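Just so it is clear, A, B, C and D label the chains in written order, and each chain counts residues from 1 on its own.
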């Protein structure tokens, strides 16, 4: 799964499907999962002690450059959803996250996902991820 | 606050502001609070032992007929938000909820709200709220 | 309708209901109308020759302080929606808009709404609406 | 681009970025593009004389099974966005769409996308796309 055969640290967050996230098919709309994945990244940042809100206050941002999702099963209003998020790869200017979204009520796998991000400064220029953030993430992204 | 001077039972739910809920002013977009209020209603239903998902499975729905919000202070990404929800009034065919949305991090009042709902059947006709639901809610809507 | 018995200039914009805006009741979710009203304000600004994007570039913003909607009939996916927006009142620091949302396909009135806004500078302080904007709006808000 | 070297018929739809679609980075949030692609599919269906609303009334639905997007440039509030949508492939039970999202104001390419869909009946079972719809689409998906 990662280049060194090391196991990634997986962050989990659980929340309920909101009514507004359903569509007329009676299920969670596929765009809602994109927001769920973002919640997964936010939770991972919190668990790494490096909240994304703080990262943005340094004047940098991680812009999404690529996103892909596979939809395996549907979820419904009020279901409890767990998003599992881990860092697949980190480089000097970019990061790749992987995701699994699970129905916590029955442990059914709903969605798998991947997103790539690039580090930008406030003017929108591509930048190296600041050293301390990069090292902080590298130090925590694997289980051992 | 209610017709009988009785204190309403208040349901609380707390969650974090999602990045997608912010707008270019850097704060939570005002439409997001409408979804937060809905989360408040969902939580109240759960705490009353009468999940709205179950209510809908009986073939009825509570359609929103009126909604009003006052915006007092702004919230930001990653803030913890608490929604306090209570039933202001219940009648044979309609219900009124009241809300307070608070920034859990600093206890600042962000938004107050009110929504009215009418009971509809699957064909969209106005109906009496089914007796057992009505009585169940009345039995729980006050603190004593 | 306004203090001087003068008829307000009404801006209209028409668009289709997006699938993502429906919910499991098979109709447009009530929060979507809050975004529709915002689209109404955007269109009014464009028609007044004073785009809100330009207004924000001057360093000011109109923050929503109050919002109310009455839901009269439901709309569905792919329906064409018209939002009619007019300025009910403008004062030195605040504005009130009124709205009608209509199903363009059958001219059914779906929603009526009202929103109040206050002028803020970039630090979040309440400010007078800049003179030229205020006068520009006053000059255009009535039909004659 | 397609198996027969034939040019696909491209459906275009243009609309403005809504304020609610921006995030605190000051740009359109990446989840909004998922809804834009859906609008692209809706428009293609309308132009093919086979509205998706009608398709759903036959008791079938096209569920998203895969989605991928590449984000190339950012868009901002009030920008005019054009979504170009075409059918990359249609099979008995599934379809693949391709997309380009362009800033109409400056013709900058913002996003490219792909989505796969599978035909389901009301019980959620995978079904063949009804013959007349399949043939109708095949007859129109290429330019000549």
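Everything that follows uses one rule, which is that a contact is a pair of C-beta atoms (placed from the backbone, for glycine too) under 8 Å apart; a residue touches a chain by one contact, two chains touch by 3 or more.
Only a predicted model underlies this, so the values are computations on that prediction, with no experimental measurement involved.
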item	value
Farthest-lying chain, centroid of Cα atoms versus that of chain A	C
Selected interface, C-D versus A-D, where C-beta contact pairs are more numerous	A-D
Chain centre separation in whole Å, for chain D relative to chain A (CA means)	25
Computed distance of Cα centres, chain D from chain C, in Å	29
Multi-partner residues of chain D (each touching 2 or more other chains)	19-20, 24-25, 31, 34-35, 38, 56, 76-77
Touch list for chain B against partner chain C, complex	24-25, 30-31, 34-35, 38, 56, 61, 63-71, 74, 124
Contact set on chain A toward chain B in their complex	15-16, 18-20, 34-35, 38-39, 42, 51-53, 56, 76-78
Complex contact set, residues of chain C against chain A	19-20, 22-27, 29, 31, 76-77
